[in-house]
Structure formats: C-alpha cells, structure tokens
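After this come two complexes, each holding chain A, first together with chain B and then together with chain C.
Right after this comes the complex of A and B.
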C-alpha cells in the first residue's frame, strides 16, 4: 500500500512534500490536485471521503491528510 | 424558502444542442499545464467531449430552432403559447430582451408575456417556478420555459479551470395547467455575498469591455483568461455545493412528507462528474438514481443540464411512465434551488441538434 507521501509525489513530483507544512499556501497543490488526491486516497485505502471534508485545511500537510484518511469511512 | 404549487405539470421537454463537438483530448495542448497532468482530470471530472456553438451562434438561434421544430411537428401550436420565460446569462443583446427577439422571429401572438431572467445553473428550477406562478392567472394556460446559454463564447480556451466543462445548449420545457396534478414542492435560496465565486468581471456597465479587459492574464496557477471571460473559483463553488445542497434536498423531502427512498430520480445540475458522485454519497443515494453523465457527453450548459439529463437518461420512458423526481440546481448568484414533483406522461422528451 502506498503512503500518503508516495501518492503526493506521484501527483506533483516536482515538489518535496516532506519539508512543507503548508501545501496549499506554498502552491504545491491546486484545487484539481486536491480532487486527484481524494480519488487516489479513496482507491488506495478503500475509504470514502466526505465531500464537506474536501477543504484546503485538510490538505495542508501529510499529518492533516493522514488525519483525514483516519476519519473517513469505509463504504 | 419553501414554495408549493398545485394543478400544474410539465408536458414536454426538448433539448437543443450544437452539432459541433469539441474533444478534451484535442484541447489538452491549449493549456499551459503538462499534458499528463491535464489528462489525469479526464476520468475524474468526466471530461470527454462537449458541445460548442460555431462562431456567431446566439441563444435566440438555438431557441428558435427548438420551438420551430415543435411547431413544424405539431407538438405545439403558436396560438396556445401564452408566455415565454427565457433563463440565460448570454443574451443576444443588453436590449431588447432575448425573449422578445424570439417572439418576433417566430411571429408569435402579441397577447402574451415574454420574460428574460438572468440566472444560470439553478435556472431550470427558477424558470419552472416563474411558469408555475404565471399559470395561476386565468388567461395563461401554457408557458414555454427556455433555458439557454452559449457561454463558451465568454470562456477562455486556455482556462483549464472552466473551458473543459463548459457546454452550450438550449431547452424548451412546456408547462401547463393540470387540474388533476399533484402538489409540487420547491425550495430556493440565494446568497449574494458569494457572488464573486462565479462571474464575468467585464462587459457590463460596472466595468465595460475595453482593449485592456480583452487581454489574457495568468491567474497565478497557469490558467490564462481576460476580464471579459468567465471566471470560476472552483474550490469555493465545490464547498458551497457540498455544504448547502444536501440539507436542502433532505429538508425539501421532509417538508413534502416524502421519504428519500421513495424518490425515483435525483436529476441534478451537472457541474462535473466528481461533484455529482460526492453529492450522491452525501445524500446516501445510489449513483444510478442520480445520473452524472451529462458533462462527459455534452458539457455543462448551465440550466440546460437538467433538461438534457432528463431527455438523455429517461427520454422515451417519460411518455408512458411516471416518476417522483427531485430536480436541483446550484451555481451563479450564488443560488440553490430544488423541486420535488411527479414527472411523466410527456408529449415529447428528446434531444435534437442545431
């Protein structure tokens, strides 16, 4: 199973996600990247992410994304 | 606010789409983003192909084509039409109203009402609500709700945020009195403080079009558009839809005394495939009861997506069958609206090309 960091590196390989705590503010993820990331997280972890949880604050860091994965339900 | 009506029905729906097809694969090279990154959006958002008008085609052209098709085939008589309600954000002119242009081109009777309403993605519901209100008048028996937009003409072809999903089109929905019709339940809400989430900044009286407003600029993330072009804050619109639409639908069903499971079809506006799937999940509605295949086949033509959805996915079935349906539209304004009603026994329900 891929880690969150590996998924992020696949979406935007030009950035080093291990050194930032502000992916959105640092311009590393745009709104379409978030949707791509949600889709890949759902497929990789067998989860369903609530539409209302797809907000920038849940995608600012690896820790935030891992928290979102833990909170998300398995359909 | 909640609204309800009695003694009205939809008697036919016709969707008119430009024959010209533009394909996402062919457009990917127009954007400044790496092609591989752009192509990732294709399955996720449902970007396949969309219908785009040829240069110079206007809303009245599509509507006249549709109405003339109904007249020619005997599906509607000119003398029976008491009102035209046109919902569009891309009128032929600032003045006169495009509904009057259509009336004149078709030589319709003078003893009628022609109304333009400036609304978009919730425009199907808003047009219906206006028609229901008009039908309370003794002298009005049949109303044509026209939804039409040609917003591709106001969208930058180098704006990957908007252009892949934009479609053009029109629809004619006939609404008439029906003494045996069941109660129609509706809800509509608006929030003008969020008006800048979807806008065309220049071209009106506040900021007239000039040579400067026609110059494309980078929006900071790689999309090129001018102030004369449509701009959409996708993140804000997505958040608004996820927050406001599910409770509106649940509240409408509850106030109507209808269980969600008893609604046969959820026929929603179609911004993109991802958003429709997330709405279905939030409402715990099976994907197949909420069709989400309009953007991938035709693009998002504002208020036209719902009639297109009805014609494509239910089409001929609606001539003989009846369903409990929930319409919902959401977008520019920002505006969100829904209608719960019975739909069936239609005289026509089809898509034609322009």
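Right after this comes the complex of A and C.
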C-alpha cells in the first residue's frame, strides 16, 4: 500500500512534500489537486472521504492528510 | 423581485457552502475559488447568494453579465435549482465547469438542460521549472506603475473576451500592480505589451500575456516571458489557461515549455446575445 507521501509525490513530483507543513499556502496543492488526491486516497485505502471534509485545512500537511484518512469511513 | 441577496461576510459564504456539503450525496460544484478573491467580491458588493432546491447559487457581477457558482447536494437538485424562474430572471450568466474533459461534460448536463450553451473550452497547461524551453537569460521588461492601471485594463478588455477569460476588475489590476505582478514593455508613452501573473509559494499562474496591435514581431512577448521566469526563481510549477481552439497561443506555450495537464474549463452561457 502506498504512503500518503508516495501518493503526493505521484500527483506533484516537482515538489518535496516532506519539507512543508503548509501545502496550500506554499502553492504545492491547489483545489484541483485536492480532487485528484481525494480520488487516489479513496482508491488506495478503500475509504470514502465525506464531502464536508474536503476543506483546505485537512490537506495542509502529511499529518493532516493521514488524520483525514483515519477519520474517513470504509463504505 | 429576486431570490438573490447580497453576501456581506465571508462567513455567510462559507456557511452556505458547508451547509450543502453536509447534506450532499453526490456533491456537485464549480466552486474552486480562492477565499481572498471571495472577500474582494464581497467588499465590492459584487456577490449575491440564493438557496434554491437545497442548492446554493452565487452570482458575481462582472461588467455586463454575471458569473454563476453552484454548490449542490447532487446533479438533480442542481437541475431543479437552475430551472427556477429566479435564475432565468438574472439575465446573461456564464458558468465555468472544471475537471477532466469527461468530468466537465458530465457537470454540464444539468446546465444544458436549463438553457446554458457551450461557449468555449479552455485547457490548463503546466511548465515544471527546469523543463526544456526557451532561453531564460535576463532581459528586463519592467513592472507596471500605479498610473498604468487604466491602460492595462484597457489593453486586457480590448484583447480578451471577458465571458471566456475571467478578466480582472480595476481593483484586481491595481492590487496586482501593487504586488509587482504585472510586467510591461513600454514603447514610448504607450504600453507595447504586458504579462500579468499571480504567484503563490512554489506555483505561479500566468494569467494574461499580450502584445498590443502595432507592436508585434519585435520580440516584446519573448522579452516579457523571459523576465517573468527570471523574477520567479523559487517557482517550481508554472500554470496557465488557454482557449482550446487558439492553436497559435498553444504553439507558443509549448515553445516556452508548457504542456497540457488534462484539466479543462468548459464555459457555458445562457442564451442570448453575449454582448
């Protein structure tokens, strides 16, 4: 199973996600990237991420995304 | 009589969107808007909201028409909202539907069923810093000054269709000039060309790049582009949107190292004379 970091590197290989705690403010992820990321997280971990959880603060860092994955339900 | 009321606080906008998300089964939206931009629209009194059929609809006034943004629990609720007479009474509306070509086409279904027609398609192109492209040696153009704002706006309005290209307001131009994000090439007293960009951290978006009629074939465009890259040494990803049918522009962007990333913007407008 891929880690969150590996998924991020697959979406935006030009960035080093291990060095940032502010992916949105640092311009590493935009709204469109979030849609791709959500789809990949759902497919990789077999979860469904609730629509109301798709807000920038859940995607600012690897820890925030891992927290979102843990909170998301398996359909 | 209209169902739409002015949005006076960012919190009202956020609450309206979150309320729909909570009820959503198949959340449907074209809201990919920077909250800072929403705040500017609210301050300018340009944003109105209505909740119809469980769907939040936002209208942003722009020149002689309005941009429509939607936040719907599912496509059926969206279609029901768009069918309401309160929407039809609002005159010329334009909507941007974003995603892969297939996803944008799917999003278009409820709009097409309610009088919206395809008007243009834009594609996003990306350039990763260091990608092979044109030479990036320094060749300074210059940043725009506050007294250039009206000339910049005039050039943009003469060169682009605001229904397709989301042109900035005068306040947006002034703000970008203040931030040093508009480069200009001068030709005597006139502006021979301009390049308008927006940088957030490691990503920069090229919003408008043009050479004025009468100033073409003098290398002004290339000079502006080189200066843009030179001023963004920390940027790793450059983005832009281009009209899908504008082959000349797409060829130029390829020359500068950009390539399509698969994201499309389908612009639809309500029936009637666009201008």
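Simple rule for what comes next: the second predicted complex is superposed on the first by the 75 of 75 C-alpha atoms of A that agree within 3 Å, B and C clash if a C-alpha of one lies under 4 Å from a C-alpha of the other, contacts with A are read in each partner's own complex, and residues count from 1 in each chain.
Just so we're on the same page, contacts are C-beta pairs under 8 Å (C-beta built on N, C-alpha and C of every residue); 3 or more make two chains touch, one makes a residue touch a chain.
No experiment lies behind these values; they were computed from the predicted model shown.
Superposition model on chain A: chain B and chain C are shown in a clashing arrangement.
When both complexes are overlaid on chain A, the residue A:30 reaches chain B and chain C alike. When the two structures are aligned on the shared chain, A:39 is found in touch with chain B, with no touch to chain C. By the touch criterion defined above, A:15 lies against chain C but remains apart from chain B after alignment on the C-alpha atoms of chain A.
Judged by the touch definition given at the top, the superposed model places A:51 against both chain B and chain C. Only one of the stretches 239-247, 257-265 or 311-319 belonging to chain B overlaps chain C in the superposed arrangement, and that stretch is 239-247. Comparing the two complexes, residues 27, 30-32, 35, 51-52, 54 of chain A contact chain B in one case and chain C in the other. Those residues of chain A lying in contact with chain B across their complex are 11, 27, 30-32, 34-36, 39, 48, 50-52, 54-56. By the touch rule above, chain B contacts chain A in their complex via residues 40-41, 44-45, 160-161, 221, 234-235, 238-239, 241-243, 274-275, 278-279, 281-282. Looking at the complex, you find that chain A touches chain C at residues 12, 14-15, 22, 25-28, 30-32, 35, 51-52, 54. The touching residues of chain C, when paired with chain A in their complex, are 18, 21-22, 24, 27, 32, 98-99, 124, 128-129, 199-204, 235-237, 263.
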